[in-house]
Structures are given as structure tokens and as C-alpha cells.
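There are structures below to look over.
Here come two complexes built around chain A, the first alongside chain B, the second alongside chain C.
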Partner chain A sequence: MKLPSPSSAEAVVAVSGLGRRFGDKTALDNVSVFIPRGSVLGLVGENGAGKTTLIKHLLGMLKPQTGSVRLFGLEPVADPVGVLSRVGYLSERRDLPGWMRVDEFMRYTQAFYPNWDEAYAETLRKQFQLDPKQRISTLSQGQTAKAGLLAALAYRPDLLILDEPSSGLDPVVRRDILEAIIRIVAEEGRTVLFSSHLLDEVERIADQVVMLQRGRVVLNGRTDDVRGGHISAVLAFAQPQTATPLIEGAHAVDGFGTEWRVLFAGPKSALAAVAAEIGASVVEERTPSLDEILVARAGGKGS
Partner chain B sequence: MQLRISIDGGAPIYQQIVEQVKRLIAGGRLQPGSDIPPIRVLAEQLRINPNTVARAYLELQREGVIVTRQGSGTVVAESKPTMSRKEKLKILARTADVLLTDASHLDVPLEDVLALVRERDTVLHPEASR
Partner chain C sequence: MTLGQFAKPTATGAQLWEIWGRHKWSFVLQAVAFPVCLGAVQWKATLSSEIGGAVLSLLAAGGFVMAYLQLLMCFGYVEADMRTVKVGFPGRLFHKPVSTARLVAVPMVCGGIVTLIVFLAWANWILRPLGAFAGFDLLWIGLVQLSLFWWLQAMGWSLPPMPGRSLVILLAGIGHLLPGLMPQVFPELHPGWRWLLLGTLFVAAWTTAGVGLSLMRRGIWDDPPRLMSLWKRLRPARSQATRKKFRSAFHAQLWLEWNRQGVLLPGMSGCIALVVFPMIFLIQKKLGDAGSGGAPELMVLPVVTLVLPMLLSGAVAPAMAKFDPLQPSGELPIYIAVRPMTNGGFVVVKLAMALLASALACLFTWTTGAFWMVILGDGSFLAKTETSTPYGPVALVIGCVPLMMLLVLLTWKNLVAGIGVGLTGRRWVSVLAGGGRMLLQAGFVVLVLMAKLNPELQETLLRWLPTALVAFLVIKIAFAAFAFRCGLRRSTITAGAVGWIGGGWLLGGIFLAAYSALICQALGKTTFWPQIATAGFVMLPLADLAIAPLAIAWNRHR
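Let's turn to the complex of A and B:
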């Protein structure tokens, strides 16, 4: 897989230097994200980090104050029809018309999309075990999410945008939704952007991870590279440390006495050098999970 | 072919697939000529990105472990390209590191560890030792 870059003509999503303020609050600050065709991007970060604001720009619901947003080379604000007809979107709030029955909702959504694939919609409905006669308002949370996903998938969009697709759902429904996403990616050329709090899901299905923190991109890279660029290590000091040791490049330092666990961003050689400088030795090291990295970086006072 | 993916830190997912397929072949559970599941089937089963499975298969093909033939899917290569000695030792090195770390914490000297390994071998493989 190619590394996404601004020059990549294959970029389905190209966000450059995007900035957005709400009053005196900076929501997005110089955000650049590129998603090549056929790849899956996991967007992570704490609540309020700017994930939904970024997604709203992709959908043309917000106009960039600075920088630019392009989907398929088009500007979503200038050409909403051209862009949105090729995008499937599942919102975090999943606000579906509750008074409609499932079959009515399907026909209603179909009217907006000339590419709606009726047979595929029916396959998805059966797969998701949705009763066509049931009212949307009486569906469980999991079924509502599936109905929303059905509506986002049935016209076979080139780009699928999912805002917290599995938040608040039980493990069985989460698995169904995850499998549906995997099937979409397996189809040639489908591109997916999803935001999630569930880092194990991101690690399983994202080719590329972008982490936002207070509106800025703090991590952006291939999932394996992001993990490989960090070390979870234990440093041992000859003497017990009475205060938390200051360790350059470490995002979380936790421990007691002579042994301290750190989450270090950088190569092994750099960690060894930093440890040597403060009179410690590395007694344990391994590649951390995405979850460990993001928790450490979100909670960290680090660089 | 049943694989298990762990996501609590450690090797990248594609590497876990490569390694486990090689182990299944080395252990005889995957015979030469037997079918390897299509990319999307394995991706759905393991609930991982199909691109990751594709990357693992590409690596396995490059090493001659599996072969893809037009129309007949992907199979384990006939000429059993066994893991190189170096590769096998690399896998064992991790277990050895754990053993040696424990031994050092327990203050057990290396000679005793080596003796223990030999002793355990006669217990586990009585027919092989004389």
C-alpha cells in the first residue's frame, strides 16, 4: 500500500491545512489528512478533539475557514450533489425518521440515490435481521445502527464515513457492523473513514490512523508504523526515585522506587541514550498496542 | 486453517498471520497443496482489514510458502519451503528471552538452565533421547 501523500492523485480525501474556530475556541488547527483509494482510516481522539468537526467539513456541512477540503478532487461545499452522491455516511446520533417502518425508510432513502441497489439493500436487511414492517422508533439501539448502516451502504458509495459506528452497542452488534465494514473494504476500491473510541477495532481494520488532540493532528501514519514508532519500556534506576523522573520523549511515566514504566516515542537507540543520560537502564521493552499509545498521549503532559 | 490474532501489543497483525501460517505448515497441520482461504473470507473470520490479509499473503507468496493460481485459488506450495534455521531460531529466541529473564530474576545460573532444558527434553520426548 502506498503511503498517503498530498501529491497522490489517488487520494479520495485530501484535507490540507484545515483550520476552524468556533468563537474563540479553536476546533481544528492546520489539519492535513489524505486517504488513498481502497484504504481504511481510523480517526481517534478524545471527545471534543475535533473528529466530528472534521467529518462535517468532509460532508460540506461546514465551510473551511482556512485550508482546503477535497473529496474525489471536488469541493464538498461547492458541489454537494457531486460529492454526497458518492459518500455513505452514518452519523453518531443516527437520527432516522422514527415514524417510518423499515421498508418505508428504505424506499424513502432510495429516492435520494440513483445508484441505490435494491437487491443489495434487501441482502443487507436480511443479513442485519431487520423486520421490514417494524417502526424505526421501536428498533433497539443496535438495530437502529444497522438500519443507518444499511442506508449508508445500499448505493455502494465510493467513500464510507462512519462517525462512532459502534459506540454504545453490544459486542454482537459491533461484530456484525465490523464485518459489514470489512466486506465493503474487500470490494474493489472502497475507501472508509471511521472514528472510534474502540482502539482494538481501529487496530484491526485501519490501514492508517490519525489522532486528533485539541484540534491538531498529533499522530498520522500507517497503523503498524505508529505502533512500531513507540516503545513500552521499564526503566530501572540504581537508586529509588522520590519524584517522577523527567524522561525526554516519554508520554507517560508511571512507577515507584527504582522501576518506572514509560511510553516512549522513538527508536530503541534513542530510548537507550535517554535512559543512559539519566542513569537508568532499560530492563523491559515491547511494542505497545494502539490503546496504550493513545491513552498515554492523551493523558500525557509530554511533547 | 485456524489463526488467532492478538491485539494487545506485540507483532503487527500481518506478521502474526505470516508466522502462524508457516507454523501450521511446519507442524504438518497445513499440507502442501491444501487450500488457503480467500482474502475476504479470512478477513471476515478474523475481523481484520482485508488489506492486512493481502499484505500477509503477498509476503507468503514472495517467500514461496503459498502459491496463487488463476482460477483455482491459493494453496500451500508443493515444494515445502521450510522455515530457514535462522527464522526458526528467531521465533525460539523470544521464548528463550523469557526463560533467561526469569532465570536471572530467580538467580539460577545458566548451566542450571541448560541442564533443565535437557532434562525437560527427555521428559517430553522420551523416545528421541537415548
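Let's turn to the complex of A and C:
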């Protein structure tokens, strides 16, 4: 998997050896992530895996306890203005000021960003069907997400960070939001980092995936490489197996009797060799989805 | 079986258990505070020392205020919803299979009984021996207090989210002064009329709570097009005007701060001036004895008018350190934290907002006070000033300008004095700093009282006062310089912001020094001027403001 290195001059985000603890709980453990300019990174993991904590470090809302965080070569804690003026952010909690009206929120946000594109903001507002006079507290969940996204996009930030942008939204709103993201990536070549539970979204638009598990990076690579590096296969045994067979390199093993489905990390030849070793044969194999990979890894089954 | 297990089987029990569970430490504190203060009062009766007696009285009176406010919070039964920006009856209870009458009755009956008993106990055994409520019928005051409590509950639950909501609640509270003082103000009135008024207030409070909650439960307040149609019709002109872009991030943030915190002080102060002043005037006029006949508008109103914003600013100050009053913790809201503004920039905006709030609060209160003096007085206020001062009304007004500036400055100072602590967004820091400040202030009061009684101590203190003031000033400047240096090194503040804050402090100090020079000269006590001028510089906040950017940084980058 070819990934940008810490020395890469093109890395918009460079997180190196980041560690964070909250009391006894380790939220992030030696996390290193590099995002090259113009790429879309999908941050995936279970609830509590550390996705939002990592994002908060990128925004300077949390100070690294170990390691370093740099955006555009700047430290977000040391230079919040330099970093935040180039970052658009949509919060997972949709933490917008409910007492403001949509147009007031737009005007308020606009004042902080000299690059605010009024025409683009108006286009997005119409596209998202937001009533400028409506109070944010009375917007639906989907409309609130759209208002937040509008405020994050309208100044055309160099880096867009979206924390669970489609969480809790209906398919129509999700589609609107995804299309907006795809458009800015396709038309403007901007860098995007988004976290999501919905891995079909990640597969669709991310060209790099980072999977966190209990604060550690367990997968980091190009989306195709990550998927290509795993095989979902059905193994057939000559005799029925009474216990779950131990298969080296498998992240999940499920089934009964003579047929067992495994999610294997490695090349096809390695799977065949492992199967032969335990007296089984590969009867079906295909490339798994990211969803299957996450579930298998998070489930912690297999070896 | 625990209290919770015993109480929860019924809906009423669960509601009561929730009040208990959420506030049990408040109740425990109250249970401890009452015997402690009772003991203090008993002890005071046996003391011969005037100072000791004063300190114990202060403790007991302070204990009552804290206990009563805590009770209001416990039984107020309101919750804030950050997303919908609503403060009111806990909406989650609307989905429970419980009648609206019961939802209303449990906190009202339970809270009413507890507050009435607690109030009467404190008033009878603690406040009365201290000299309070002399000549008052305690039962009557207690029942008026009960009405006030029910009205606060009813308004807090039933009023829709609308502009000026908290002011309406405040007015309902202040309005209870009148029935409370009725026996004194209208002694000739038949008691039946008083009881009728009180009964009406009770019924109206319960009806308001019941109907309001019932409407809310049916979602009527969630239907803004119907409810707010009139308001919306009035809005177009304003919305056109507000569509203008903000000139800078500073102006945008100032607008936000003003909307969230700024209106608080002018609103409260103006509201009190509008409603309480005429009441004070009428009550004073009624109660005024022959010797001070006609004095109220000359003595009471001008003084109260002048100092009201300054007195209220201390109560409003904790809210000033927050970015959103509904935020339960002092944590910076994300939508503000991610804006590209330096931490020092946020502080400068807060200082500017506080100055604006102070100026407007003073202006509004003073204008309203003057209005009432003209309307309710016998028109002789200005004429009387001619006999009270050798200069006449015009000179008096001109002479008042620096005094007014001083009061605006002191109001502003009260608003921002604790900003450095509050902006950390950490409750334990605020509690520690608040406790330390209270101890210091109490120590200062005790020292002053002791010095008053002991001429030797007084002389020693006066001898050391200039040195102590200079030492305080040097420590203050050194601490501020250190904090500014840290801020500049960590880029939490810009050199420009340091200039604004430092320059502002210097200008304020020079103004105070010049003003005190004028006063000293007029009183013929110029020897005291250096001390008073130094005290002015010591009093104006600088260290607090210097640590404020670091405090925000600590809050923003956790």
C-alpha cells in the first residue's frame, strides 16, 4: 500500500505518534496518519474507537499528550488562526447556535473567512432548501446538518473535516451531502477527511481509509488496497468441524459443519496454503466490502 | 430498602425521587446550614464583641440567601435544551403516562410545602433574632413567598420561547414586593382584600402552570408559524437591516456576545428601574415619617438609580465568562472554538461587550430613574438641589458627568473582574477562586471592623497602607506582565490586544486618579490623594484580564 510518508511535503495533515488518555482510558495510542493534498480519507471504526478524539486534535480542541499534529505544516494549538482559517468542519453533534437564524449564522460565519464566496453560499442554500429566516433550533436534523455543511463549505476551505456527516440522516439528505462532498473533491481537488459508520459511503468516495480500534490504527491504506488485501472465502472441510477452526490470518470465522466462511487478510495463494494445512479447500472467494472488514476486525474473531 | 427503591414504584414517587436524586447534596447542605446558622445566632446573643456579632450576623444572613436560592433551583424543575434553545419543564416527562395535573402538582405542592417551611423556619429562628422582619406578619410574608415561588415555577414552565422571556419572569418576581408590603403600605385596607388578592395569585399561578404545560404538551409552542405570525409580520424591516455583512470577525463575535450575554445587565437593571423604582417611591411616600416627608425622590431614588447597575453587575458577572448561558459546563461551544480567532481576540470582544453593557445599563437605568422622579415626584427635585448644593442644578449635572463615568467604569470592572477564572471552563477552578475571594473579602471586612474599634490597630494599618498599596500594585503589574509574556510566547494573544488591555487599564487608572484628585481637593484632604490614586490602579482589573487569553486557551485546547 503506497501511503504518504511523514516527510511528504504534500501532506495536508500529518499526525505522528499521537497519544491521548482520559483518566485510565486510552483514547488514542500512537496514531500516525498522513493525508496528501487532494485526497479523501475515510476514518472508520466502532463507537468509542477514537475517531472524534482524533478529529478534535486536528482542530486544536485537544492538545496532544504525546506525538505531534500538524495541518499545513502548522500546529493547531499553537496557531489556531492559521490552521482554522483553512479548515471547514462539520461537527458530529451538529453543535450550531440554535438561537440564530440561518442567515444570521451565515453572516456570523462569513465574518471570520475573507474567502467566503457569497454566490456559492447562496447556491448551496438554495440547493439545500434552507429558509434563511428559519431559526436553527427549529430545523430538522437533516436541515441542521445541511446548514452546518453550508457554513463549512462556503469559504472553500483547503481541508474539509466532517465528523459523521450523515449520521442519523435519511437517505435523501445523505445523498445531498455526499454529492456536495463529491463535487468539491471532483471540481476543486480539495482535501477531505470524514469519519463515518456507513462504510458504503466511505467505499464510494474515499481513496484512503484509516480504521481505528480502541485508539489504535489497525488499517491504513488506499481503499482499493485495503479491500484487495482481504479475501472473503468459504472453506469446505472433509469432516464436520465441532469447534471453530483455528485459521491463521483470518479475522473472522463463521459457520458450522463442513462449511465455514472466513475473512482472511493476505493474498489468495496464502489463503490456499493455510486452507490446505488444516485440511480444507477454498470453494468460494470474493473481495469483501469495507463493512465486512470492519465488522470482522471489530468482532475480534479468528486469530 | 433505599429511599429511591421506596419512592420509585409510583409515578409521583419517581418524580420526587428525581428531585431528591439530582439535588441531594443541596438538601444535605441546607440541613447542615440551618443548625450552623441557628447556632451562630444563639452564639451572637451571648457575645459582647460587636465585630463577632457582625460577622455571625453576616454568616446567618448569607446562609439564608444561599439556602433559599438553592431551594428555588431544586424545585424550579426546569431543564435547558441546548439544541432547541429551550429552558422549561423537562420535555422528556411529557411522554410518560402521567396526567398533566400530576406533572404540575408534584413539584408545586412538594416545592411549595418545603419552601414555606424552610422560609418560616429561617425567618422565625434566624432572621428575626437578627432584627429582620420586625413588625411584619411572618405568616403573611411566608405565604406571599409561596405565591412568588409558584409564579416562578409557572412562568418558567409555561412561557413560550420568546424575546424577553426572562424579563417577564423577573417582573413577576419583583411584582410580589407589593402584596408582601401591603399590610405596611396600606394599613387601612381591610385584611379580607389582602387575602383575596393572595388567593387570586395562588389560583392564577396554578392555572398558568396547568394551562401552559398542557399547551406545551400538545406541542403548541413547537408551531412557530402560528404562534409567531404576528412577530414575523413585524420582522421584515429589521431583517433587511440586519442582512448587512459584519465589518470584521470582531464585530461578528461582538454581535454574538451581545445577543447571548450583553442584554442581561441592561435588561435586568432597566426592568428593575422601570418597575421597582415607582414601587420604592410609593412605599417610601407611604412609610415616610413626618421628619423626612417628601425626601424619597431626593434621597432614595437618585442613590439607587446611580448604583443599581453597579450592584447588579456582580450578580451578572459569572454569566459574562461563559460563551453561551445555556451551556451547562463552561466549555467553549464547538461552533465558536473552530473559528479562526485568537484567544486574546475573544477576550477583547468580551471586554468591549461588557463596556457596552455597562454603559447601556447605566444609561437606561438613569434615564428611567429620572423619568420616575419627574413623573412621580412633586416636580421639585431639581429645585431642591439648589438648596442642597451651593452650585445649582446645571452645575450639579455637569459635576455628575465624571461621577457617571466612574460608575460605568466600576460596573464594567465588576462585570469583567472574574473573567480570567470563569473562562477556564472548569467548575473546580471557579469554586476554588470564588471561595478564596470570599475568604479574602471576609478577612478584609473583619480587619476593617477591628480597625474601627481598635485605634492602635487603625493607626498601624494606616501607617502601612501606602506601602501595602504599592506592593499590591507592583505584584499586580508583575503578574500581568508575566501572563502577557506567556500569552505572547504561546501566541494566545497579539501585541495589539496587549496594547488595548494595558492601555485601557492605564487610561482607567489615570481617570480614577484625576477624579480622586478633584474630590480630595474639594474636601481639602489632598494628603490622601496618592493612596487613593494607587488604590484606583489596584482596583482596576489587569491581572485577571492578562490571564484571560491563557484561560481561554486552556479551555479551547484541552
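Going forward, the second predicted complex is superposed on the first by the 294 of 303 C-alpha atoms of A that agree within 3 Å, B and C clash if a C-alpha of one lies under 4 Å from a C-alpha of the other, contacts with A are read in each partner's own complex, and residues count from 1 in each chain.
Operating definition for what follows: contacts are C-beta pairs under 8 Å (C-beta built on N, C-alpha and C of every residue); 3 or more make two chains touch, one makes a residue touch a chain.
From a predicted model like this one, the values you see are computed outputs, not experimental measurements.
K.L.:
Record, for the superposition on chain A, whether partners chain B and chain C clash or fit.
P.N.:
Overlaying the two structures gives chain B and chain C room side by side.
K.L.:
Once the structures are superposed on A, label A:Arg227 by its partner contacts, choosing first (chain B), second (chain C), both or neither.
P.N.:
A:Arg227: touches chain B, not chain C.
K.L.:
Touch check for A:Ser85: first (chain B), second (chain C), both, or neither?
P.N.:
second
K.L.:
On the superposed three-chain arrangement, identify whether chain B or chain C touches more chain A residues.
P.N.:
For chain A, the partner with the higher number of touched residues is C.
K.L.:
For the superposed three-chain arrangement, provide the angle chain B-chain A-chain C between C-alpha centres, rounded in steps of 10 degrees.
P.N.:
150
K.L.:
May I ask you to decide whether A:Lys133 touches chain B, chain C, both, or neither, giving the answer as first, second, both or neither?
P.N.:
second
K.L.:
Could you tell me how near the closest CA atoms of chain B and chain C get once both structures are overlaid on the shared chain, in Å?
P.N.:
In this superposition, no C-alpha atom of chain B lies closer than 27 Å to one of chain C.
K.L.:
Following superposition on chain A, which residues of chain A contact chain B and also contact chain C?
P.N.:
Overlap of chain B and chain C footprints on chain A: empty.
K.L.:
Which of the residues in chain C end up touching chain A in this complex?
P.N.:
82-86, 161, 224, 232, 235, 239, 242-243, 245-249, 251-253, 255-256, 259-260, 324, 333-335, 337-343, 490-491, 556-558
K.L.:
Given the complex with chain A, which residues does chain B contribute to the contact?
P.N.:
Residue list for chain B touching chain A: 5, 7-14, 39-40, 43-44, 46-52, 55.
K.L.:
Which of the residues in chain A come into contact with chain C in the complex?
P.N.:
59-63, 77-85, 87, 89, 91, 93-99, 103-104, 107-113, 133, 135, 137-138
K.L.:
For chain A, which residues are in contact with chain B within the complex?
P.N.:
1, 38-40, 175, 178-179, 182-183, 185-186, 200, 203-207, 223-224, 227-228, 232, 286-289, 292
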